[in-house]
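Shared between the two complexes below is chain A, which has chain B as its partner in the first and chain C in the second.
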Partner chain A sequence: MLAFVIRRLGVMLVTALVLTFVVFFLTNLPPNLEKLARSEGSVRMTDAAVVSWLDEHGHSGSVFFRYAEWLGAAPGWVITDEKGVTRGRCIGQRDDPALAPKYCGIFQGNWGISTVFKKTVLFSLGKSMAATGWLMLAVMLVMVPVALVIGVLAGMREGSRTDRVLSTFSIATSATPEYVSGVILVVLLASPATGLSPVLAEWGWLSGKTLFMGTATSAMDNITFWNFGLPVATIALYGVGYIARMTRASMTEVMTQQYIRTARLKGVGFRQVVLRHALRNAMIAPFTVIMLQFPYLLNGVVIVETLFNYKGFGWMLVTAAGNNDIEMLLGASVVAVIFVLVTQLISDIGYVFLNPRIRLG
Partner chain B sequence: MTNAVWDPSQPILEIENLSISFFTRMREIPAVMDFSCKVMAGEAMGLVGESGCGKSTVALGVMRDLGKNGQIVAGSIKFKGRDLVTMGEEELRHLRGSEIAMIYQEPMASLNPAMKIGAQLIEVPMIHQGMARAEALALARQIVADVRLPDPDRILNAFPHQLSGGQQQRIVIAMALMSKPALLILDEPTTALDVTVEAGIVDLVKDLGHKYGTSMLFISHNLGLIMDVCDRLCVMYSGEAVETGAVAQVFDDMRHPYTQALFRSIPLPGADKNARPLISIPGNFPLPHERPNGCNFGPRCDYFQAGRCDAGDVAMADVPKGDRHASRCVKWDEVDWTAAPKARVVKEKAPIGKVVLQMADLKKYYEVSGGAFGGGHAKVVKANETLSFEAHEGETLAIVGESGCGKSTFAKVLMGLETATSGTITLFDEQVQSTPIQRRRVDTVSSVQMVFQNPFDTLNPSMTVGRQIIRALEVFHIGTSDTERSDRMLELLDLVKLPRAFAERMPRQLSGGQKQRVGIARAFAGGAKVVVADEPVSALDVSVQAAVTDLLMDIQRQNKTTLLFISHDLSIVRYLSDRVLVMYLGHVVEMGSTDQVFQPPYHPYTEALLSAVPVADTKVIRKRIVLEGDIPSAMNPPPGCPFQTRCRWKSQVAGGLCDTTMPPVQTLTGGHQIKCHLGADVLAKMDPVITFAAE
Partner chain C sequence: MSFLTPESGWADMIEPLSWAAIFGMMAKQFWPVWVALVVTFVLSFRFKRRLGLYGKLFDSPVGIIGFALVMFWVFTALFANMIMTFDPLAQLGSVKNPLPGAVVPEGAEVQYKWFLLGGDHLARDVFSRMVMGARQVLIIAPAATTFAFLVGITLGLPAGYIGGRLDTALSFLANLVLAFPVILLFYLLVTPEIRNTGIPVALAAILFLIPIAFFAILFQSRFHTNPKKRNLYVGITLVLGLWAYSGLAFNADPLGVWGMEPNLLNVFVSVVFVNAPTVFRIVRGIVMDIKSRDYVAAGQTRGEKAWYIMLWEILPNARGPLIVDYCLRIGYTTILLGTLGFFGLGVTPESPDWGSTINAGRKLLSMVPHPAVVPALALMSLVLGLNLLADGLREESLKD
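On to the complex of A and B.
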């Protein structure tokens, strides 16, 4: 088991290096760098000036060497210009060049400075990840139990009325993308002019104008049911349908297995057949899907956070991409890659606990 | 539990005029019609019949577990005087597992893969007797010991996949016995197991039946097994009981043509492929919605009389002087049941020619990695060890052994699907041991062909029968034009006695036996000289088995083919082979002519194998030798003799030689080879396993 985890960690490290290099290469393509030079230096720079600006700021040279610099595996660039001022990757504005460390990159904890937020990447990332973390937690807490219950109820008696109703619901939700369901939810529940809110307000049941809040900005400081409900529901709805379908398929298959007949014919009641005999076997397939939902959520939040103006990871990613914030994008990619790999490791280990026939070598 | 007063002299189970149908969108399909039987306390009742005859449906009907489509349309099932047909779900649930328990065909599939054995066992008394967990665990431990499993504590803590097939079946039996049921239903409990394991399970079931006084409903297609286990039996054909009575009576004085035909089609000791060939039942099993008028067996019956047999429904008629013996035949008291069959055609023995295939010291090792995710140190599986033999033209060489003995590996190496680790295979003066099939010449490939075990999976479901045979002809470069090949294909259909119209059929429109005929036609498409038949009839029903084996024999006589017949079924091997090779754990333990192998002196393993095979003949007396334990893993074979862990003769060898040294091959008179340490004097004193009672 331990050997397996260590081996997997090794593979993950290699994967992370390859993936971050791809992101580094793409964000550091010449047009992006030119754009960076013009936004940081001056918009009216000549082409020659752009080249020299890039030279002076360590953006020239081999992409591999710059990647190593960014990682902190190669010494950061140091340039002394004609005025005798020594600047370098690792030298802050007021620092003494002599005291500055030689290496400064991801490994040393120097993730660079965001050009958009004017803060260190680590600080901005930390803040947005915390915000998104709450969102994801809420989504998982709602989505997984609801989806499993729907899937199991639908799958335990294939073809029954319960099955058909629940299956229709899951197909409908998984066929509705977030930008559609989000808008529908806002229109129905968070608009003073349409949907439920005007009716409720007329009856005097609402203290505010709308039932739910159409924006989740206030949830950054204080999460309430009313400001967080809609973004969570929007993301969860899509996942519910998907996981429920998977669970249902797995459950119907398990229910036709011979060992279920064995259980039935030893006199186990239907409830116990489902709970004790079928459930664990039926969880094996959807478990991987649920774990795959985590990385998906990370992307899924982009739309929802933008829609509800919630300043989390997704919102930050959109802003950084729109503003050519190279260091920020790189930092986000590192976080995303690690996040995906760790959830998949957990998924593999959890799978072993669910399925006794698989042993980790 | 409502324990209604029940008189133990009354039947435990009484089924009267039971009819079960399955309802599909198209039509109602009657699966069981007018079925009646009685099981008394402590009695073992056998249900025999071919696949599709409704025997399993009866069992599930008794359990009232027919699924959504199945329904009991008429009749009653009385268990201890209470009618199960009208019983409510909750009441039924109390009966299931506590009063009536069931044992299934596939033990692996019947155990929950994600639950420990212990948890699955203790559930039964906890549900039915409300027993406490610790008490239930103690009971489970005792019952696991009762079903003769070693180390009960370890077993209770294991998951099903950690046990062997035989152990799993013992667990299923233990589960059924947890609440000491009054009735045990066994649905082909040993079909998926090896013969020596089967013998152990059968012994166990019989003993436990006596010990707990349990009544049994034993479902099997194997008449020999029924004779071993049951007191009475009921023969079923196409949804109806056709004959019922005490086992000895039905076996010796059958009063139904189907029972008679069934006995004539199974290879009993004394049958011989040339002098006394088997008689197969002509025609096919009728599909449920194509049953004929009157007697269902009519169209296939030798005694059929138009106007009487097809006039109307035939009722069960009591046979006087019998012990509750009854037959569903209108002519049961007219037919001369002792008359010898007229249709036996004595065939000429084919001459055996020169050597076509020679194997010398063939070895095949596999390397397997340790864990599920790679890593761990590689282990070597010794699938074949020093395999040496010769096969002659026109000869049938049987290769016998249980699963895991390496018989299929040997076939793969011969076919070129695997290459040998060392040793030589000489096929018509050409060495082929290290040439994989992709690099073999077309005529080499076409001269060595294979007939597979499962005809259902080896035909392409989306190609017509004719097309599949033509495809084989194309691959073997036979014929120059399409018309020539299509003519050849029709000739091949003639050869395997299929109507030429079948060329246009799809495999799904064919029965199992017909599919196997297509498989044989394909194997002989390139004029194969050596045919490896890997359990060619074990997936088929007994009545069809006879026809397919006869066909193989006929083609062999015509083409002087060398047939390597791989099988675990010693009855059929004795019937058709000229020479026999017995394998155990990759070693050839005994080789000789059929007479030599089936008569003493035996290799101890052959002796056990012979005694394990149930024989459906009341005149045969069989010595019971039950092997303890399982076949050791080929990954970790025991030191010395591979069979030493289970051998009952081991004490006869001085100096513990069996534990340390691989036995030498002893050659006895007539070229009979035995790989054993036993001295000539001990071997000479061996008794035959099978003897005939004096008539």
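On to the complex of A and C.
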């Protein structure tokens, strides 16, 4: 077990290094750097001025070496210009060049400064990840129980009418991506002109204009049911279908096992059979699915945060990408990649704990 | 917003349509689709016992509904020119977001009297854009999925069958791509700047070569004992393949038949790139299961070559799950393309594809919902159809 985890961690580290290098390479392509020079320096720079600006700010030279600098595995660049002022990657505005550290990359905790948010990357990341954390937590609290209940109810009597109805529902939700369900939910529940809100307002049941709020910006400070309901429902709806279908498949398989028939023939009631005998074995497969669902959740988070203007990780990723904020994008990709890899690891380890028949070599 | 005062004559006399009338007029507009659907269904039911898995699909109600939904959009895409009421890019009048059923102001190129499903913020007809969007989606999504499958199969077969170092290396690469958050990858790959660096063309050059290799090996392994036939089939593959390859990957087709806009190539390559590793993993898993069967051992004792066993013994026996996944994956690709459109990546702003239309419509969503809701429902029904179709196929293919 320990050997397995260590080997997996090793592979994870290599994967993370390769992926961050790919992101570094793609964000530091010449056209992107040129854009950076023009936005940070001046828009009307000549091509020669762009080249010298990039030289002076440590963006020239081998991409491998710059990647190592960013990681903190190579010493940061230091340049003394003709006025005798020494600047460098690790030297702050007012710092004494002599006292500055030699290495400063993410290993040393220096993730750089965001050009869009004008704050350190670590600070912006922390803030936006906290916001997204609440969103994900709420989604999980809604999505997992709903999906499991639907899956178990549908799978315990295969082919029954309950099964047909619930299966159709789960297929329909997994055919509805977030940008579709979000649009439909807003039109139905958060529009003063259409859907439910005008009717309720006419009856005098609403204090505001709409039932739910169409944006979740106010949820940054104060989460309420009315400003957080729609984003959470939008993400959860897409995931519910998939998890429910997996749970149903696993449940129908368990219900055909010999020991279930034995329990039935012994005279145990149907409810007892489902709750005591079937449920635990049927939960092994869905656990893996739920863990592997996290990366897709990330996708949904980006769409929903853009749609509902909730300033979390996804919104920040879109803003950084749209504004060529290289350091921010790199930081965000490190977080996203590690997040995906850790969920994969947890899913593998959890699988072993739940299913004692599996041994990891 | 001011109310429209029709400048003259005929617009005065024509009333806006009621919802019942709108649906009636739309049903009329879709007549080629209804005819094609009826013909397809009558023929399929008539000969369903002779049509293999496709015929069996018509035994499952879920499959029938799914197939009908999918074919509805396929025929819509085919007959888009006959169905749409306006040019999807034409701006009709100056009123923003006309309501469904509103009367079109008189103008030069007006050939229809109403906005059936309203207009968008540039007064373009939502109905026509939805119809034309179907064509865009149904060209790119199946094509990209097919490419992803060919790439996944060509790499997954040897990884599963031969195993060893090759498997370790290919699986590591596949897991690498899978660990990448899709949206981030799209934001990095599908930008206008990246076109100048030549990375999409390089990726396309590698990815598009694999299908040609697939078919060449397919025929070579089967007919290598019969050089005449082999030369014919492999020759045709190479000529057609390399001709298309020069056009699609490098935009250098000497005859100008094959070609892809740089924007589209970018999107296409990224979608194939994201989908192929998943297909690879599925194929690899199935192959590892099948290769322990007796008929594979029999083939090996007969002295058959590895590629012959992979392509002509294993692959046909893996078709069931692959066909099901193919349907599901077209739906998933449609969703991905919509996501790209939603973030405004890789599409021209006036493009009528569903994702970017939803994106354009969402800004005024709470006041005028129709520009966003119409393409949203269209996309949902297509993906739902594909999912139901996959479900029906799975059910029927498990029966025997």
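What we mean here is this: the second predicted complex is superposed on the first by the 359 of 361 C-alpha atoms of A that agree within 3 Å, B and C clash if a C-alpha of one lies under 4 Å from a C-alpha of the other, contacts with A are read in each partner's own complex, and residues count from 1 in each chain.
One rule holds in what follows: a residue touches a chain if its C-beta (ideal position, glycine included) is under 8 Å from a C-beta of that chain, and two chains touch if they have at least 3 such contacts.
Remember, predicted model here, so these are calculated numbers, not experimental data.
Three-chain overlay on chain A, with chain B and chain C fitting side by side and no clash. Residue contacts after overlaying the shared chain place A:R7 against chain B, while chain C stays out of touching range. Shared-chain residue A:L354: touches chain B; no touch with chain C. When the shared chain is aligned, chain B comes close enough to touch A:Y259, but chain C does not. Residue contacts after overlaying the shared chain place A:N281 against chain B, while chain C stays out of touching range. Residue contacts after overlaying the shared chain place A:K127 against neither chain B nor chain C. The partner that reaches more residues of chain A, of the two candidates chain B and chain C, is C. The superposition of the two structures on chain A yields an angle of 70 degrees at the Cα centre of chain A, opening toward chain B and chain C, reported in steps of 10.
Using the contact criterion defined above for the overlaid structures, shared-chain residue A:V268 touches chain B, although it does not reach chain C.
Of the two partner chains placed by the overlay, only chain C lies in contact with A:T194; chain B stays clear of it.
The gap separating chain B from chain C at its narrowest, counted between C-alpha atoms of the superposed chains, is 5 angstrom.
Shared contact residues on chain A (touching chain B in one structure, chain C in the other): none found. Interface of chain A with chain B (complex): residues 3-4, 7, 159, 257-259, 261-269, 272, 276-277, 280-281, 284, 354-361.
Those residues of chain C lying in contact with chain A across their complex are 172, 175-176, 179-184, 187-189, 193-194, 196-197, 199, 331, 335, 338-339, 342-343, 355, 358-359, 361-362, 365-369, 372-373, 376-377, 379-380, 383-384, 386-388, 391. If you check the complex, the residues on chain A that touch chain C are 11, 15, 18-19, 22-23, 26-27, 29-32, 35, 171-172, 174-177, 179-180, 183-184, 186-187, 190-194, 210, 214, 295, 298-299, 302-303, 306-307, 314, 317-318, 321, 329, 332-333, 336-337, 340-341, 344. The residues of chain B lying in touch with chain A in their complex are 63, 65, 68, 93-98, 101-102, 104, 106, 109-115, 123-124, 127-128, 159, 161, 172, 175, 369-376.
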